[in-house]
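In the two complexes below, subunit A is the common chain; its partner is subunit B in one and subunit C in the other.
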Partner chain A sequence: MYNNLRSFAVGFAALCLMTLAVSPAQAALQVNITQSSNSAIPIAISPFGSSQGQLPVDVAQIASRDLASTGLFEVFPRSNMLARPSSPERVNYNNWRTQNVSNLVVGSATPNGQGGYKITFNLLDVAQGRPVASYQLNAGPNQLRQAGHMVANLIYQRFIGKKGYFLSRIAYVTVTGNSLENRKFRLVVSEYDGSHPATVYSSQDPIMSPSWSPDGSKLAYVAFNVYKGISSIRVQDLATGNVRTIVSGPGVNGAPAFSPDGNRIALTKSTNGDSNIFVYNLASGQMRQLTHSGSIDTAAAWSPDGSHIAFTSDRGGQPQIYEMSSQGGQVQRLTYDGQSNRRADFSPDGESLAMVQKSANGFRIAIMDLSNNNVRIVSDGPMDDSPAFAPNGQVILYAKQGGSNSLATVSIDGEAKSTLSQAGEVREPAWGPLGY
Partner chain B sequence: MFDLLGKIGEHWRAVLFAVVLHALLAAFLIFGIQFVHSSASKGDRGLSIVEASVVNTADQPERSNPPADQQEAPQPKPKPEQKPDRQAEKKAEQKAQAEKAAAAAAARKKAKQKAEKKAAQEQAAKQAAKQAAQKKAAQEKARKEAEQKAAREKAQKEAEQKAAREKAQKEAAAKKAAEEKAKREAAEKARQKAAEEKARQEAEAKKKAAEQKARAEAEAKRKAEAKRKAAEEAAKKAAAAKKAREAAAKSALNKMLAKEAAGRQNAVNQQALARYVQAIKDKVEGNWIRPPGVANISCKVKVTQLPGGQITNVQLLGSCGSPAVDRSVVQAIRKSDPLPTPPSDNLFQSEIEFIFKPDQ
Partner chain C sequence: MRHTDFQFARRLMLVMVLLATAIAVTACGGNKNIRGNGSMPQAGMQGGNGQAAGMGSRRNIDVRGLEGVPAGDRHMFTDPSNPLSTRTIYFPLDSSSIPSRYSQAIQAHAQYLANHRGVHLRLEGNTDERGTREYNVALGERRADSVKQALVLSGANAGQITTISYGEERPAELGHTEAAYAKNRRVDFIYTNH
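Take a look at the complex of A and B:
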C-alpha cells in the first residue's frame, strides 16, 4: 500500500516533471509592478452637446479646469481634438488612442422644461473602446456652472477615490490700498479656486481669521474698530448678511473656530494681558474658559469629532501646538519639530494636523501624522501661513506671503501645487465644506 | 590416681561393700586366731598381740595418706602378700629369741621345760606355721577371692562404669545425636527453608530472567526484523538510488550533451525571457497612474493573452485597496493591450500574473 502510494507519488512527480519539460510555457509568467507613472491621468472632456445649440455655460470647460487644477489630471486641450463627440456612439476610439487619450468624457444637456437642464454624460475607456460609467444630473436655471463642477466632482471621485471639492468655497481676507486712508480690508468668499469672488464684509480696519460654519452658511471672523480700540468676533450669515457679534471689547478677541456641530465657537480672549482659549455657546451665549495659562494660547482648532481642541501656545517658550479636551484640561504638547509650530488645522478624517512650521528654511506648511507624529513639509516657504485642509482632505490651501501675496494649494503628498490668482494681498484663507 | 578416686567416688557403694567385706574377713581371721590361741596357748598372747599390733602398725602407714573411708577397700590386696615376708623375718627373729630364751632357760636348768617348751613351741610354731599356712592359704584364698571379687567387682564396676560410661556416652551421644539431629533438623529445616526461599527467589529470578529474556529476545527479534527491513529498505533505496544515479548519469550524459547545445540557447532564452518580462513590466508600469493618497497597495491580477499580446481577459484577484486603485490597475493593463510579444514563440505564456506591490 505504502509502496503503491510512493510509486504513485513518484510517478506523479515524474509526470509533472515531464509536463513541465514538455510545455514550460504553461506556467503563468509573473510580472511584478513596483512603480507607477508620475504622469497625471490623461482625460479629454468633449464639449457637451445640446439640442439647442450651444449651452449658455461651457460645462465641459468648467469641469476640465476643475480637474486640471488638481494637478492630478492631464486634460486634453479641446483645440487638439480631432472630433468632438457628445455621445458614445459617435466616438472613434482610434482617434483618441492615437492621441494617447485614455479617458474620454462625452455628454449632453437637454432642457428639463423648468428652465434648467438634464445633463447626461459618459466616461469612456479608450483602451477598451467602450463606456465604463454613465451619469445624469439636473441643473437649475442658473446652475450650469455648478453642474460643471459636479461633473468634475464625479470624475474626480471615480479616479481618485475621494469626493471632489469643486463645489466648495473658500473665504479669505484681502488688503488693498497703499496708504492708511485708502487701505481696504475685505472679507471675500469665492469658489474653491478663487474664482467668482464676493466680498461679504469690508472695513478700513483690519479683518482677521475667517472661519466657516460646518454647513457653509455662516462665517465667523474678527473685526477691529481702531478708533474705539476694540476688537469683535462676528458671526455673519452669508445668505442674509446678518451679523451677530458674540464677543467684543478691548484687548484680544480673536481666532474664532466653529465646532463641528456648529453650536459653539472656540475663540481667544485676553484677560489681564494673558490670552486664553474660551468656548462660546451660540445657543446660550455662555462663554467658558478652557485654558488658564499665563502665556498666549490661541488659534483653536476642533478635531472633527469635537472631542479635542488643538491650539497654539508659547507656554514652553516658543509657540508650539498643544492639544486638550474640548471640555478643557488634559493638555499635552503635540509638536517638537522645527523651531516653532503654530496655527493647527485638523484634517477632515482627524488623522493628521496641518500647521506652520518655522525652521531655518523659514515658515512652511507641515503635516503631522497624529498616529506616529511624523512630520512632512509640503510647501516651499519662506513665508507660508494659515493652512486649511480641503474638505476632502487631499489638498491644503494656504497663504503665500512675502514677495507675492497669494493663495496656493498643495496636495497632501506635496506633489501637486498650484497658485490661485488673486489681486492684492491675500491673507488667512479658510476652506468651507464640500458644498454638495 | 584421680581417676581412681573419681571412680571410687562414683562407685562408693561398691567400695563401701568391699571395705565392709574386708573388715568382716579381718575380724573373722583375728577372732579365729584368738580363739585358737586362747584355746591352744595363752602364752602366745603377747606374740599374737605383737603380731597383731605389728600387722596394725604395718598397716597404718599404708593407710595414712588416703582418706580413711575410701582407702580401705583397695588396700587389702598388698597386705596379705607383704605379711608373709615380714612374718618370716619376724619368725626368724622370734626363733632366735626363742632359742636365746631356751638357751637361757637351759642355762637355768630348765632343759626339760626347755625341750617341752621347745616342742610346744615347735608345735606351736608348727601350729603357728600351720595356722600361718592356713591363714596364709585362707588369706591367699581370701585374697584370691577378694582379688577375684575385686576383679569381678572391678570388672563389674568397670563394666558398670563402662556401661555407665557407655550409657553416658551413649546418652551423651544420643543427646548429642539428638541435639545434632535437632540441630541437623533445624539446620535442615533452615536449609530447606532457605533452599525453598532460594528456590522461590531463584524461580522468581528465573521467571523474571525468562521474561526479560523473552522480552529481550522479542525486542531483539523486532529490532532484527526492523534492521532487516531497514536493510532491505536501504538496499532497495540504494538499488533505486543506484538505478536513479545510473539513469541520472545516463541522462546527465545526454543532458550534458543536450545542455552543451541547449545551454547557450537556454542562456539566450533566459535573457530573452527576462527582457520579455521587463518589457511587459515597463509597459504596464508606464500606464499605471496610481491614485494619490492610497498607501499599502497590494494585489494580483491574472491576465490571459493571445500570442500576439492581445489581452483576452483581466481578472483582479482581490482588491488592491480601493475601487479607484482597482480601476487604475485594470486600466493600466488594459491600456497596455497589446502586451509586448516575446522574442521567440517558445517564451510565450498565455497567462500572466501581475503583482502590484509598489509599497514594499
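Take a look at the complex of A and C:
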C-alpha cells in the first residue's frame, strides 16, 4: 500500500516559534484516549540517534505521542523494542517482523553548526525490508520539540493523506473556584493536545467564545464586566498582549468569528432584545448589519472561502442553522434533523458542517455533509457544545458539559475518541491553524 | 418586515396579558421574597477588572443590587411584604414570557422607576446550562428585554433601564438538576449607581 519508493527532503528552516505574552502557565490538560480506530496503523519510532550522545529533547517520543494521540496509530512501546536502530542499515527486519511491527521509523540528528540540528529520518516497510520514504528537516536552536511534532506531521500525512495538526494550537476557557463568589475565568492557549498551556487573559467575570485569526497570531473573544454590566469583544495579539476592543456595551456583544482573510469579524449584537449578525471591518472600524430579524440570530461561522456565513437562528421557532451570503441578503435554512441545531462550524474544505444537535438523547455533536444533507452523530452527549474542526478537518474538538466539563476529541468517522481534562471546568475550545 | 411585526405583536400581547393580570390580581399573598437565601447574584458588586466592590457591605446581603436606590428607600425592597422585594423573575424553559405571578412586582418596580426618574435599573438575563453558550446569551438578553418592555409599558422610562445577558455563565446555583436549572433561568433586578 505504501510501497512506492519515494525520497524527498522537507525544508524546515521556516519553522517559527510563536511567542506568547502570557501569565504563568497552569496545569496542562490530561489526555486520555478513550477509543481507538479499529484499523489503527501499527508503527514503531526508534529513539533518534545523535553524534553527540543523547539529544536534549526526545524527538521520537514526541512524535510517538502525537501519533498515538490521534487514535489512528498503534504505537509500539519503546520498552518492548529488541533493538533501537537509528539508521536503515542497522535495522534487523526479522526482529521487527516477529513483533508484528509493520512500520518502523528510524532517524538521527546532527548539529547543523548554527546551534540547531539537521534531522534525517526514514520510514521503513518491515514486510518488504526496505525504506519507503526518507525525510530531512532543519531545526533551529531550541526547536527540537517542534521538530518532533513535524516528524509526526510528516508520518501522519504519509499514512492518512492529510496534513498533520501537531504544530497547531488550541484556545479554551477554564473556570476554577469552589463557589460562585470565587470563580476565576482564564483564556488559555496550548499546544493541540493541551500541553504547554499559557493563560492569555483572566478575570473574575465570564470569558467566552475564543476565535482564532487565520494566521494564528490573534484571538478574538468576549469578556464581561459584571460591575459595569457590559460585554465586550476583544481582539488580542498573542505575541504582544495588545488588546483592541471592537465593540462594547450593554446587551449582547458576542460570538466573534474571524473571516478567512483575517480582515473582518462576524459578531452578534442585540437591539431591543433581538440578536442579529454584523460584520466588523478591522481596517475601517465600520460595522455592517447582515440580519435584521426579530428573532435570535447568533453564532456566525464563515465558509472557508469567505463567501457564506452559517448562523444559528430561532426565526422558525426552534433554533436551527441557516446560511446566507457573507454580504447578507437571502437566508436559507440548512438543518431539519433532530429537535433543534445550533452553533455551526465549517470543515476546512467547506464540505461539511459540525453543529450541536438536540434530540431525545440530549445535545450531541453532529456532522452534516453539505453535498447531500446527510447528518451523523459523533458524540455521546448529553450536553456537548462548541464543536471545532481540526485545521486538517479530520478531528472535531468539543466541550463535554453538565458534570465532568472537559474537552473531548472525536475523529470525523466517530471511531477515535479522547478526552482532555483537568481540575475545574474546561470549555469552549477553538482550534487554530496548522502552524506550518 | 412581516416577521418583525409578528414578534412585536407577540411581545405586546404578552405585556397586555401581564397588565390585565396585574389589574385582576390584587393583594394576592404571593409576594414572597423569591430571591431566596444565599442564591443572590453577586452582580453589581464584584469588581470585574479590579474595581473594589462599591458598597463593601457583606454585612447586609440584601443591599446587593440596591446601590442605586436611595438609602431611605431600601427598606421597601427588602420588606418581604412589599412587591418591590421581588427582584428576580424566573422563567420557564426556553421562554422569555414573564409568568403572570410577577404582575404585581412588575407594576411596583415600574411605578418606583416612574416616581424616581434619576434611579437606574440594570436587568441581567440568565439561562440554565442546557443549549449552546452564545445562543443562551441571546436568550438571556431576550428575557431581560421582555422585562424591560413590561416595565416601560407600566410607566418606567426606557432610558432608566439597561440590559445585559450572562447566558449560562453566571448561574445562581451550581448543579445539574431541574431545581438548579429553575433557579438559573432568571432576570435579576440590579439598581445601580454607576
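Heads up, the rule we're going with is that the second predicted complex is superposed on the first by the 394 of 436 C-alpha atoms of A that agree within 3 Å, B and C clash if a C-alpha of one lies under 4 Å from a C-alpha of the other, contacts with A are read in each partner's own complex, and residues count from 1 in each chain.
What we mean here is this: contacts are C-beta pairs under 8 Å (C-beta built on N, C-alpha and C of every residue); 3 or more make two chains touch, one makes a residue touch a chain.
Since we're looking at a predicted model, the values are computed, not measured.
Shared-chain residue A:D413: touches subunit B; no touch with subunit C. In the superposition on chain A, A:Y227 contacts subunit C only, with no contact to subunit B.
In the superposition on chain A, no contact is made by A:P429 with either subunit B or subunit C.
When both complexes are overlaid on chain A, the residue A:P391 reaches neither subunit B nor subunit C.
Legend: residue contacts after superposition of the two complexes on their common chain; A:R158 is shown touching subunit B, with no touch to subunit C. The partner that reaches more residues of subunit A, of the two candidates subunit B and subunit C, is C.
Of the two partner chains placed by the overlay, neither subunit B nor subunit C lies in contact with A:P210. By the touch criterion defined above, A:H292 reaches subunit C but does not reach subunit B.
The part of subunit A that touches subunit B in the complex is made up of residues 24-37, 39-41, 72, 102, 125, 127-128, 157-162, 394, 411-413, 415-416.
Subunit B contributes residues 276-277, 280-281, 284-294, 302, 322-325, 327-328, 331-332, 334-335, 337, 346-358, 360 to its touches with subunit A in the complex. Against subunit A, the residues of subunit C that register as touching in their complex are 1, 3-8, 42-49, 51, 54, 96, 122, 124, 129-135, 137-139, 141-142, 144-146, 148-149, 162-167, 169-172, 174, 176, 190, 192, 194. Taken together, the subunit A residues at the contact with subunit C in this complex read 180-181, 203-206, 208-209, 224-231, 250-252, 254-255, 268, 270, 272-275, 292-296, 298-299, 312, 315, 319, 342-343, 356, 358, 363, 383, 385-386, 401-403, 427-428.
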